[in-house]
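Note that subunit A is present in both complexes that follow, paired respectively with subunit B and with subunit C.
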Partner chain A sequence: MSITIALAGNPNCGKTTLFNEITGSKQHVGNWPGVTVEKKDGVCRGDKEVIIMDLPGTYSLSPYSAEEIIARDYIVKEKPDAVINIVDGTSIERNLYLTIQIMETRIPMVVAMNMMDEVEERGDEIDCAKMSGLLGVPVVPIVARTGKGLKELMETAIAAAKEHKKPELPRIFDKELADAISAVADVLGGADSDENNWKAIKLAENDDLIEAGISEDKKRSVEELVKAVNKIAGGDAEAKIADSRYQYIAKLVKECVKKSGKGHVETKSDKLDKILTNRILALPIFAGIMYILFACTFSENFLFIPELPSPGVWLAGIVEEVWALAADGVIGAVEGMGASEWAMGLVSSCLDGVGAVFGFLPLVLVLFLLMSFLEDSGYMARVAFVMDRIFRHFGLSGRSFIPMLMGFGCSVPALMASRTLESDKDRKITMMITPFMSCGAKLPIYAMFAATLFADSNQTMVIFSIYMLGIIVAVLGALILNRFAFRSETSNFIMELPQYRIPTLKSVLIHAWEKVKGFAVKAGTVIFASTVLIWFLSNFNFSGMCDMEESLLAAIGNGIKWIFAPLGFADWRASVGVVTGWIAKENIVATFGQLFGNVSEETVEAIMAGEEALPAIGEVFNQVSAYSYMAFNLLCMPCFAAVGAMKREYGSWKWTLRAVGFQMVTAYVVALLINVVGSMLF
Partner chain B sequence: MTLRELRPGQKGKVTAIGTTGPMKRRIMDMGVTPGVEVRVIKTAPLGDPIEVNVRGYELSLRKEEAAQVCIEVS
Partner chain C sequence: MPLAMVAEGETRIITDFKGREKTNRHLQDLGFVRGEKVRVLGENGGGMILMVKDVKIALNRGLAQRIMVED
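For the complex of A and B:
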């Protein structure tokens, strides 16, 4: 029979490193249902019967964040066979706070005392054997980065799981308080049940989620008893319990940890932090790092050298070329077999669909190599520290800056970068507004309209104003979502600033690889299916294969064009453009090239670069409706690749559709305002 | 006096947490409980939040949150 062991610990305690060391590359990554929190499990190296479940990093088992609720629900309801609680030995007191709370659930557990090398470096000593005796839980010293102590840790954990050795309830309360709490457990069904004891402590801590789960007939007496607990605790049991835990920890640490006695010594990390968050240097350094992040991923003139591609662009180019060769080969082979025209079309559209997925992988890879370096090194926490002052006004975190900035390159990696945000709410909102940042693929649309309809005006200003519009709508959108859609969720900024550490190559590579794989698998299906569907719609009608003008898509365009009348472009070709834009936004230009005058491929490329105009679109658009059309395509549903990335990160269709709905409504309202106000002014 | 009013480099002992609900719980979960010593390290470049040392690690919190932590300067 297999054994499940859960990993629990504070953020930044080395949990991911430990998970990678134990499971190797045999990992399965997904989402916990309904939230944007990553769910990871894997099989233990060397023992296939042992499944390791990585719980989200939390400081506590309070019911106030998605991470905390997941971690405790998993421990209490799913009941793993054992929990490995990773403790960062360099900030042992705060880490042990979670340890005590896990002990309160009385699940078999082992404490992994991590970062023992750094502890030694500071000249401190932790007596793990003594702590183990006092806690009544095995304490194993480890160094997760080097793998030291892991063998013993796993043996201890597997033994604890097999023997089902439950820890004692830590004696942190005085007798009076302990008795009052077990009275609550009695009413719940008996103090001999671990679950009732745990629930009683949580009820004393004012835990709304547990309170909601109490049956009606018991509610009354539970309330009375909790009041009694509060009275004994001096009016505030919640504070008293947190305080008791820390007092217990302080005593434990005094017994088992020998400080070097040098007092506060300035570590290398402290010195580095003095520069990176320096009053004057912090913002320029931040800007510089953000520039590097963006340029390495997207720049075509890397390091300001003309025509020198950045690593991201260079890799993307190679992938594209290799893919084109492979696709040509396949098409040639199919042609050789004497396939019909529509079968050929189907094959090439399938290849396009797969190619679309492949094309994004280099960008995702390069961005996440850099991102995981920033994350693991501890700089990401400082990004929030430095930028919080600005972003809190919009109800966002300072870390929202990164997805939003990347959005100017491509929404796909940008959306995936939202994982770095602290709270579920921030991640959800940031993903909804990130596509409003005008990505590289939208520029050809603006170039076409600017060259055709704004030839006499300042074209740069027209395009620049569209970019600004995206930023303004994103900020307003964040404010509105915060005010109305996520009202009940409070945000705070009480967080740890971890020590700077040099990340291990292995963990950076594994993280980046996970992202690439996750996108290819989870987003790939969405992208592939929708690309093939749109190809079918634009090449077929009920009597078979046809030109786009007579296709089902044209019929759909004609059917839905009235929707766009208030926006100023009630034309079937404009509607078709919106739809083909969902495959990739720059497709709008190719579609228009075909539908407004059937121009050559070279001309389409010139139009995309803004070098040539497409005068025929003047039949449908004037300056106001062109601007409205640009705004609509900027803000409406992003391309299917981005929708796939959203699906991957939200982990649910419900939230993905909510986000798309929000984007559609926003696009419609903004384009409507532009058309109405613009028509009055011009 | 509150933690908000401490200058970088100053130390104080926590006497009480003024707020209630999730914020109070979060402050206490992170180890800022009555009796513990905190030392302000610095202010963020834009003036807010602040960074403090408590229980041997670095914690950041906004000034409005720091204003909820009552302090006695030692």
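For the complex of A and C:
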């Protein structure tokens, strides 16, 4: 029979690192049913019978965010065979608070005392054997990053699971309080049941989720008894219980931990923070880091050396070449089989469509690798803090900044990152404005227009100004939504700033891959299907195969082009571009390539990179309407993959449609303003 | 007095919480309990960086205004 072991611990305690070390690459990532919190499980390396469940990081079993509710429900309701509770040895007291609460559920458990190397470096000592004796729970010292102690940890955990060794209820309350709490447990059905005991404590702590689950007939007597507990605790049982737990921990730590330093010693992290969160320096430093990040990903003249491609561009070039070779091979093979002309056309346009996205994948990968590095190093938490000061003016907490920043890469993971926001209002607004950040897939559109219509102007400035436009609209959008749609006060900012650590290569790779995967899947599915559809629509009408101008696609484009007349681009091909952009924004360039002159795949790629112009679009667009078109596509509904992510995160079509509606109206208004004002000026 | 008034580098003892119940509980979970020492490591116009129980925590000023410490 297989054993399930859950990993529980505070955020930033090294839980994910431990999970990766224990399971290797055999992981399965999904969602918890009904909610959008990531669910990760994997099989233990070396023992296939052991399933490891990674629970979301939590500070307590009295839940504060959606992620914490998941962790608690899993431990209490699903009852894994054992829990490994990871404790960060460098902040042992705070971490043990969760340990005590897990012990209160009396589920078999093992404490993994992590970061023992850093503890030693500080000159502190933790006596794990002694702590184990006092707690009545095995305590195993480990260093998750290097894998030290993991073998012993797993052996201990498996033994605890097999023997069903329940921890004793920690004696943290004085007799009076303990009696009052067990009276509550009696009413619930008896203090001999672990579940009733645990519920009684949570009731005394004023836990609404537990209250909701009590039958009507018991409710009144429970309420009376909880009042009695409160009276004993001097009016505030919740604070008293928290206090008792911390006092118990303080005693335990005094017995088992020898601290070298007297008082507070300034660490490297503190010194770094003095600079990186400095009132004046923080923002310029952040801007500099972002610039480097984007340069590494997108720059054609890396480190200001002409013609030197950045790692991202270099990788993209290689992938494009390999793809072109493979595509030629496939086309040759299909031709050899004697395929008809239209089948050939279909095959080659599919290869082009999917290839365009694959060529893009390395850029996304490099961007996410760097972002993951920043996240895992602990810097992103500081950025959220620094930005909080600014975002507060727009009614958002600094935490909203991280999803928005990721929006520059791809909206899909960015929208997923918004789930960490505790305030519902912040989440909703952030998800509405995140797609305004110009994602990587929108860049080829700007590159095309810049090379074609802005050839004589400063192209970099044109593209940069579009990025800025996205940021400005997002900020104004947040302000407007806050004023008129949500009208609630700005939520508080509470965030732990973990110590700076150089992340391991493995964790950065796994982290980045999780994000890129969605992009790769999109290339294989949505884009593939849409290319087939567009090819069909642009080559057929009801009487069979035809020229592009008479196709179904042209009919659709002609049918809707009037909508865009006030924006300056009442052309069927431009309209079709908007629609194909919803499948994937970079699709617009491929579509234009087909519709404005039937150019080859290589040319499309050159246009995407801004190396070649597409002169035919000059017949339809001038500089003003081109800018308006870029702005419209930047701001209007994001690609379907992102809309799908929105639907998953909002959990309702109602909110998804509201968000899309807001984005559409915003795009229309902004593009209209650009066209009207621009036409007057130029 | 409110924690928001404490100068950088100073250490004070927490006496009370004036925020909403849910926020107070979350603060407790993070180590902010009555009688606990809190040290102000840094501040910028919008918020403060604090040290509680060996952990660094950033708060916005409005929230720091609702945590009371000994004068």
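What we mean here is this: the second predicted complex is superposed on the first by the 395 of 682 C-alpha atoms of A that agree within 3 Å, B and C clash if a C-alpha of one lies under 4 Å from a C-alpha of the other, contacts with A are read in each partner's own complex, and residues count from 1 in each chain.
Rule of thumb we're sticking to: a contact is a pair of C-beta atoms (placed from the backbone, for glycine too) under 8 Å apart; a residue touches a chain by one contact, two chains touch by 3 or more.
Predicted model, so just to flag it, every value in this text is computed and none were measured.
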{"item": "Partner chain in contact with A:613 - subunit B first, subunit C second, else both or neither", "value": "neither"}
{"item": "Partner chain(s) touched by A:347 [first = subunit B, second = subunit C, both, neither]", "value": "neither"}
{"item": "Which superposed partner A:60 touches (first subunit B, second subunit C, both, neither)", "value": "both"}
{"item": "Touching partner for A:326 - first (subunit B), second (subunit C), both, neither", "value": "neither"}
{"item": "Overlap of the subunit B and subunit C footprints on subunit A, listed as residue numbers", "value": "59-60, 62, 64, 90-94, 97, 205, 238-239, 242-243, 246, 264, 277-279, 282, 381, 385-386, 388-390, 392, 490, 492-498"}
{"item": "Contact footprint of subunit A on subunit B as seen in their complex", "value": "17, 22-31, 33-36, 42-49, 51, 53, 55-62, 65"}
{"item": "Footprint of subunit A on subunit C - complex, ascending", "value": "11, 19, 21-31, 33-36, 39, 41-47, 49, 51-60, 62-63"}
{"item": "Subunit A to subunit C touching residues, read off their complex", "value": "59-60, 62, 64, 90-94, 97, 205-206, 238-239, 242-243, 246, 264, 269-270, 273-274, 277-279, 282, 381, 384-386, 388-390, 392, 397-398, 490, 492-499"}
{"item": "Residue ranges of subunit A touching subunit B (in the complex, touch as defined)", "value": "59-60, 62, 64, 90-94, 97, 205, 238-239, 242-243, 246, 264, 277-280, 282-283, 381, 385-386, 388-390, 392, 490, 492-498"}
